[in-house]
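Below, chain A partners chain B and then partners chain C, in two separate complexes.
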Partner chain A sequence: MYDPTVARLTYRALLGRRRAAILFVLPVLLVAIAVAVRAFAGADDGVASGVLGGFAIATMVPLIGVIAGTGAIGPEIDDGSIVYLLAKPVRRPTIIFTKLIVAVAVTMLFSALPTFVAGLILNGNGGQIAVAYTIAALVASIAYSALFLLLGTVSRHAVVFGLVYALVWEALFGSLVPGARTLSVQQWSLSVAEKVAGEGQVTSDVGLPLATALLIGVTVVATWYAGQKLRALKLAGEE
Partner chain B sequence: MTTIEIDHTSRWFGNVVAVNDVSMTVGPGVTGLLGPNGAGKSTLINMMAGFLAPSTGEVTLDGTRIWRNEAVYKSIGIVPEREGMYDFLTGREFVVANAELHGLGEAAAHKALATVEMQYAQDRKISTYSKGMRQRVKMASALVHDPSVLLLDEPFNGMDPRQRMQLMELLRRMGAEGRTVLFSSHILEEVEQLASHIEVIVAGRHAASGDFRKIRRLMTDRPHRYLVRSSDDRALAAALIADPSTAGIEVDVAEGALRIQAVDFGRFTTLLPRVARENGIRLLTVSPSDESLESVFSYLVAA
Partner chain C sequence: MSTETGTATGSDTSRIHNIGYRSYDGVRLGRAYARRSLYSQSLRGSFGLGRSAKSKVLPMLLCGVMCMVALILVAVAMATPTLTKLPIKYTDFAIYLQAVIGLFVASQAPQSVSRDLRFKSVPLYFSRPIERIDYVLAKFAAMASALLILTGLPLVILYVGALLAKFDFGDQTKGFGQGMVSVALLSVLFAGLGLVVAALTPRRGFGVAAVIAVLTITYGAVSTVQAIAWETDSAGAITWLGLFSPITLIDGVQTAFLGASSAFPGGEGPGAAAGVAYLIVVLALVAGSYAVLMRRYRRVGL
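Entry: the complex of A and B
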């Protein structure tokens, strides 16, 4: 199910391209905000929760998920280099699964790790806040990567759709329409974080059983469907 | 022996029919797929390569369906026309990755790089390669598993004459070894130099198939049209029409020129300057008015 050559090509493509700069910018920004907030406001659980929930989980994790998830396959489909993977006796689901592993690893590295560091800076993991949000970031990394990898496989405008989902659906609709929050990776991951953190530190609109089921369901279905789409990927449509 | 069979295959994109009820068999040796730009050659190659599903009909490799069948890539090597090819890798890393995806090691990659004579630049990034070098590395990636079928989409595009000769020599060798080599081109001379067997595609239809010389004769024996301006158009017309190589002449008053239809291309091309000289007529313009490949192909389709 895992092909080390596909993995190598994927992570080199992801970390070598210009778009990778954003992967570094957002975590640096988060840590900088954490340092500034700590310096001006001191250690405060509520503020720490606000920064990690409002910026790290709501903005940074989905954005990095979009970059890593769509970037793991989208550019190869766009420039046609995917043909060198497809013209091989390698099972298509293996290609997708391997790319998912790489996208998840990159998203976790660039979102969960800085979330933990920022949490430590903000309040030294008081009330388990740093750990809780880090777990939320880890869990969200998996679902976002699967979702955006699927988008990258089926659409040439994956980044746009990914951003619309992450910023418009989750951030805007999520804050205006309570029902939209049920269908939000962010809320599902916060539901997991809620269990870890101290009483009242993290809140989610979705119960843990439903959130877990949806996280697993979305990841599995998106990965399976991406594998099916890759099996039938049509490389020529120009003529 | 490996054979690709295309059986009553069509492919359309929305309302556009790119390939229209084509049947052909591609066997060992070098086959040229010839046709003007946009004729459907790439679509056909993509169906043979398993990158595109036929809308109707079937494309098979030794009786096995190619579409959605990863196992066929054990026997097929593909050189795509598009340039995207992991530019951030070196040539060696690229070919090694291709070998690994076939379950092979570095030795296979080195052998393929040696075959295309690219060892000298193998440690340079692909992004620094010239068009010809990229083409050769693509070839190496296609040859790495020693395939019995090689499909190349417009492999000579953008290559300089020396690189073209090298690649032709390589393909000739592959064909002589008994591999099934199919390459597409819109340039008659390329196909003429390399393939003894050609398949002609025009506007998605299979226009001709078989020995190149026969098809070439069909193409060159067709009536040729010329636009000629001279110091005395009517005297020239009178002298030319007396020869059987000329089928018809029209005096185009508006253009101030003669429109000549020649039936014997070879004879007419020597006749025209001779007649002009003998009659003391100066030729001001001699331009073939239907020399484009498209018109050659259209004639072939109509024939």
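Entry: the complex of A and C
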């Protein structure tokens, strides 16, 4: 189910030259904010939770997920070089699974690690906040990667749709319509974090059993369906 | 058409035939015409006109959302007899719907410049009588005009609706004028930033992500830090933090000069003195993005 060559190619596509710039800028920004806030406000659980929840989980993780998830397969389909990969005797679901592993690893590396570092800087893991949000970022990385990898195989405008989901659905509708929060990767991962953190530091609108079921369900179904899409991929011309 | 004339000297086996090519002696439309064409094609392309049906969906949808929100606001204003003005200020509209504007820039700026770079059609443009400055100006102006249409159209709807509802003409006209100045500034600023980021990435997908990152991440970072500054009673810092993201820059300028109420935490917008700093930063960013674009196209694809 795992092909080292495909993995190596995907790593190089994701972390090559300028493309990695965004991936590096975001974590650096988060840590810089954490340092600035610590200097401003001192160690405070509420503030730490605000920064990690408001910036790291709400903005940074989805964006990195979009870049890594769609970037793992989108450009190859876009420029047609996927045919050289598909022509090799590698099973299509294996390609998807390998790319998913790589996307998850990259997303985790660039989102969960800086979240943990920022959490330590903000309040030295008081009330388990740093650990809780890191776990949320780890869990969200998996679901986001699977979801956006699927989008990459379905649409040529995967990045735009991924961003619409992350920004409009989770951020805008999520804050206005309470029901929309039930269908949000962010809330599912926060509900896992809620279990870890101390009382009242992290809140989620979704119960843990439902959140876990949905997280696993979305990841598995998205990966399976992406494999199916790749089996019958139609290469289209530009536009 | 004669084929026997123009015989070259030399042996019988080698001859040059005149096959009747004629030089063009019609009207030459020149550089200004080429620039205008590039502008109008880019502007149409931003809304998917002249492109496939699929590429019309997103820009039209975003434009529709903007106008729909404006229509709903007008409907609310008309249905509520006690109101004497619109439910929101003209200047607030673009701030509330910044996600939609951001998505529009992110999806359309890369389609405007990235594909020319990726398919190496830039050298073809420059084989026409246009210069580098014409290309950059035309693309910049087209993107800014597209954004002005996207942000100005709902304001026009609001204004017409307000006049139909017989709100005070003087007040509404003043507010509308202020709103239009503010969205014009926003359009130029966003177009510049979007095109710079898009021109640096020949891949469309990464261009989209990079533009949205510049717009959203800076806003997310600034508003998070501002909220913390507000909680920790350092209100002075809120004003200066606003300098670090495009949408808060616009917010600051219109709060200082265009009678808007700031969306900063606690409504702590900049006063006139800080407003000048905001305006200088906005103008510097616009000039800077123009300079970067000029530099980017100095030797591209050649």
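Simple rule for what comes next: the second predicted complex is superposed on the first by the 234 of 239 C-alpha atoms of A that agree within 3 Å, B and C clash if a C-alpha of one lies under 4 Å from a C-alpha of the other, contacts with A are read in each partner's own complex, and residues count from 1 in each chain.
In this section, a residue touches a chain if its C-beta (ideal position, glycine included) is under 8 Å from a C-beta of that chain, and two chains touch if they have at least 3 such contacts.
Just so it is clear, the structure is predicted and the values come from calculations on it, not from any experiment.
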- Query: Counting only touches as set out at the top, which of chain B and chain C does A:71 meet: first, second, both, neither?
  - Reply: second
- Item | Touched partner set for A:135, first chain B, second chain C, both or neither | neither
- Message: Touch test for A:172: chain B only (first), chain C only (second), both, or neither?
- Response: second
- Query: Looking at the overlay, does A:147 come into contact with chain B only (first), chain C only (second), both, or neither?
  - Reply: neither
- Classify the contacts of A:197 with the two partner chains as first (chain B alone), second (chain C alone), both, or neither. neither
- Task: Enumerate the residues of chain A that count as touching chain B in its complex and touching chain C in the other.
- Result: 78, 238-239
- Note on the structure: Seen from chain A, its contact residues with chain C in the complex are 18-19, 22, 25-26, 29, 33, 36-37, 40-41, 46-47, 50-51, 54-55, 58-60, 63, 66-67, 70-71, 74-75, 78, 157-160, 163-164, 167-168, 171-172, 238-239
- Item | Residues of chain A defined as touching chain B within the complex | 3-6, 8-9, 12-13, 16-17, 76, 78-81, 83-92, 231-239
- Task: Provide the residue numbers of chain B that touch chain A in the complex, in ascending order.
- Result: 13, 16, 18, 38, 40, 42-43, 46, 49-53, 68, 70-71, 73-74, 76-78, 80, 82-86, 88-89, 97-98, 100-103, 141-142
- Please give the residue numbers of chain C that touch chain A in the complex, ascending. 51-52, 54-55, 58, 99, 102-103, 106-107, 115, 119, 200-201, 203-206, 208-210, 212-213, 216-217, 220-221, 224-225, 227-229, 231-232, 234, 237
